[in-house]
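Below: the structure, in structure tokens.
A, B, C and D label the chains in the order they appear, each numbered from 1.
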């Protein structure tokens, strides 16, 4: 076969990019908020791209979504009510729903059209989760939703696009926002937010960590390598009471066994240790950065 | 500034690539064995490229070289004599020489011209290590060298280019080769080999691990994310007596403190845990693969 | 604005390509015969791409289509019945229909779905021409159609995709095919075929010229630069009686004035001279090549 | 063979580019004025690149240089003294020296290092022309040189890099500059300047034409397609007395035969007609543009 002729280019600034051949276009459209494309890419499989950034690929979305969801859910002794902000593909709620303890998942997303597209074109992601009776879908700005909730949730999972200059997501990574998250959690609640790539030229993840730490008594940064991102991906867990560093391998494995339906592919006790034990230079960086993202002075990814 | 006009393209098969702007060409030449270029790339800094593959970048070569060298060196109770195969930049011996216990490092490389180029253009890598009196440089095929050595070394570090179809490196990843390594080690000797990228479309690293395991009583796979590679990089440690999984954080930190000159940036007790504790799917993969690379049927990277 | 993220790559072999940012995807689909995409590209405007090759761009399709249609139509003293093979966008018939002398245009295309897509998404090209009462659309293989026609047409215009190995178009550039064209023309008939790019690494255009010359008493190669192709495009005119080199500027201008509705943008007497007067090396090449494309041994574009 | 890994990217704005595989780097360096690279590119051969723009390729430099030099030289009845500004490769003077009438060629270039590099690495271009006793090389700003010359030259050939914002070349395309050229020519002198690409998004060539026309009684735009540029290239000829449109094919062929040593590959009478007879839309454009480039308000290429 000759060379492919349609390519997705994922720019990192103006001097680096990853390029991916596109074999098929399933969907291309602009919603009120973003440009969405759903395409097939060799090796990675079907891929969701929003505003030029790959959001997830069928080939490894489970790495990202297991890493996002399970550490907090397992850390909590008995998560009944869960709030998910973003996560339009439906894979975040899919992982939450695997926990037998869960009675209700509220998913809040601002972009109704995105959800419609996902329901139609991303069935491999949501696997029907939108129709699970435990799920309540709310079309609304996540920050607005939080304002109306206090002491409501066991676990809050934040799965939004990256903070980019001029994007509304920017105000969903600030101290004021995390204060709303804190207020919406129960007294032993836990939250986690995707915290952008751990690229050498960016310390945004460290600022997110510092910001969470300024609001929650316990804050932990962890990360996992997601192949399609060509980067390690950072997550920050903020907790009112429980510390993921104190969970033993054995405890994790028991909880996974007792509480999760089906078989996990990424997460277990050993994976947990791999994710939370960081290289020396990463710990030094996150202990050095004291900048906090605020509504007045929010952090952005370099573009 | 307008867009850059000379680019390095790192192909992953024919459907993906990473592209990097080149700001300056320091050196471009063909030796008897390979095509070498040394260029400046934004963010990454000076970069060594061999046969179109980035070998190391100034910005993060220390991640790769610390991860390659220190786990084995620290695991050994008192490494005096060390053999390095490959590592033409001189950074592998640089890290070895930081260990106070070391009395002799023999570095074997087949490409004399590559060494000359490195001495001249990669001073930031070797930092004069080639002139350290403990270093003995041998220009020779690594496999030939091993044949002549028995029960000689405490630690052997293998830092060669990837096994690619038609390349001589291919025969430096086979069972027969590892048997020579075993023979050249002392009775409590340890060896480590770079084990290629952990890309989803490749299981070469798992075959290398299986091959090492077929020769050494103790074999451990570990990995670290090296930003410029856009991948996690795998290493396989083969040991006659000591097991890196049994080292505690505290032991590691004491050994680092007592035996290493200067300050490490990547490696310490917590980093060690992060590197050796693997995600569930990686463990499943390496426990499933039983193919062994042999001289008759060697493994290659997919191209 | 940041850099674009979806790109069309037009490969010329494996060592050169032109890359174009895609701003919007209007249509993407596979018909029984080909992969079609219709996208917006900056500077060029809306673009039709078939099997990875740009077929025409709104910004300059008129250059290609005027150059394809008018030299033959003007050369003929009074073209009443015209046959068009291919030309799925509808722009070839659009130009033919501008000639007041035309009573009937038969357009033959094998790909019904392509025509449907064109009618819907390429209105700027066809401008309603498919609905002109003088047009008769036949869905059929062009070669089959020709077999059934003898001494029927004043002008035949061949506007097919390039001959590429394994493509059915290949057999629409052979001597046997041109013999069918000859037979279908009236005794003073004229035909023209697009004759691929005049790239330095290809002599396909010269073989097409030699092949036409082996069938028609008068054969002339001419060319025009079409910006979006980044190449000069070749056309071969085969004629039973009239010679385009004998037309004077004045004759051309009179015929254009009397017979064409609306205003041409490319073609007039001076443009005609520019198109038919070739550089010395092109004339030398086409006079040197004596290879003829036959059904047994057809010519392909290098890929 | 696997895909190439070093590529030259020729950007046209930020939304289009041509990319060329680089097989070998002959030279890479920065002079006081520009960044020069000399590399091998498949199909095109050895290529000179200045500041990221391909200046000429071995495979077709003769098209550019014959088109630049011969129309003016042949138009002049007996060119004895010729001035070349720029043309650092030495191929412009090579073509001038083929004219038996020439007694002296003064070549003026500002970049001495560029000339040194050309003498060493571009022997296929200059073919020893720098050592021809008729050549006098002057290292100087071309505009300064012109100021010191009045009524001196039969033909002046301007072969400079494109006018780009911030580049010194900008002031070598203005009315004031062409007035100096006029003054330096004898009373029947002729000059020609390369006039940039005829890209659809640029009318710089038309402004250059208008500017020349504001100074010279006779001004003619002509163009030729140069494959490696992927564009038609424009030239403007300014003449005090002779008009290239009045030369017949026969006259051209006689002059070529009598006055030129060796065999031309591009230029002859028919090629002349092809180059000077322009498409209708080009003539309309150049007759519409009345902007004149001046020192106060010079024209630039869009970047």
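By definition in this document, a residue touches a chain if its C-beta (ideal position, glycine included) is under 8 Å from a C-beta of that chain, and two chains touch if they have at least 3 such contacts.
Please read these numbers as outputs of a predicted model, since none were measured by experiment.
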Practice task
Please give the intersection of the contact partners of chain A with those of chain C.
Solution key: none
Exercise for the section: Name the chain whose C-alpha centroid is farthest from the C-alpha centroid of chain A. Expected result: D
Handout entry: For chain A paired with chain D, centre-to-centre distance based on mean C-alpha positions, whole Å
Key = 57
Handout entry: Mean-CA-position distance for chain B and chain A (Å)
Key = 33
Practice task
Calculate how many whole Å lie between the centre of chain B and the centre of chain D, each centre taken as the average of the chain's C-alpha atoms.
Solution key: 52
Handout entry: Multi-chain contact sites of chain D, meaning residues that touch two or more partners
Key = 3-4, 14, 19
Practice task
Examine which chains touch each other and state the graph shape they make (line, ring, star, complete, other).
Solution key: ring
Exercise for the section: Please list, in label order, each pair of chains that touches. Expected result: A-B, A-C, B-D, C-D
Fill in the blank from the handout: Residue set of chain A touching chain C in the complex reads 2-11, 14, 19, 22, 24-25, 28, 37, 49, 52-53, 303
Fill in the blank from the handout: Listed in rising order, chain D residues that touch chain C in their complex are 3-4, 12-21, 41-43, 59-60, 63, 198-201, 224-225, 227, 230-232, 264-268, 270-271, 273-274, 276-281, 283
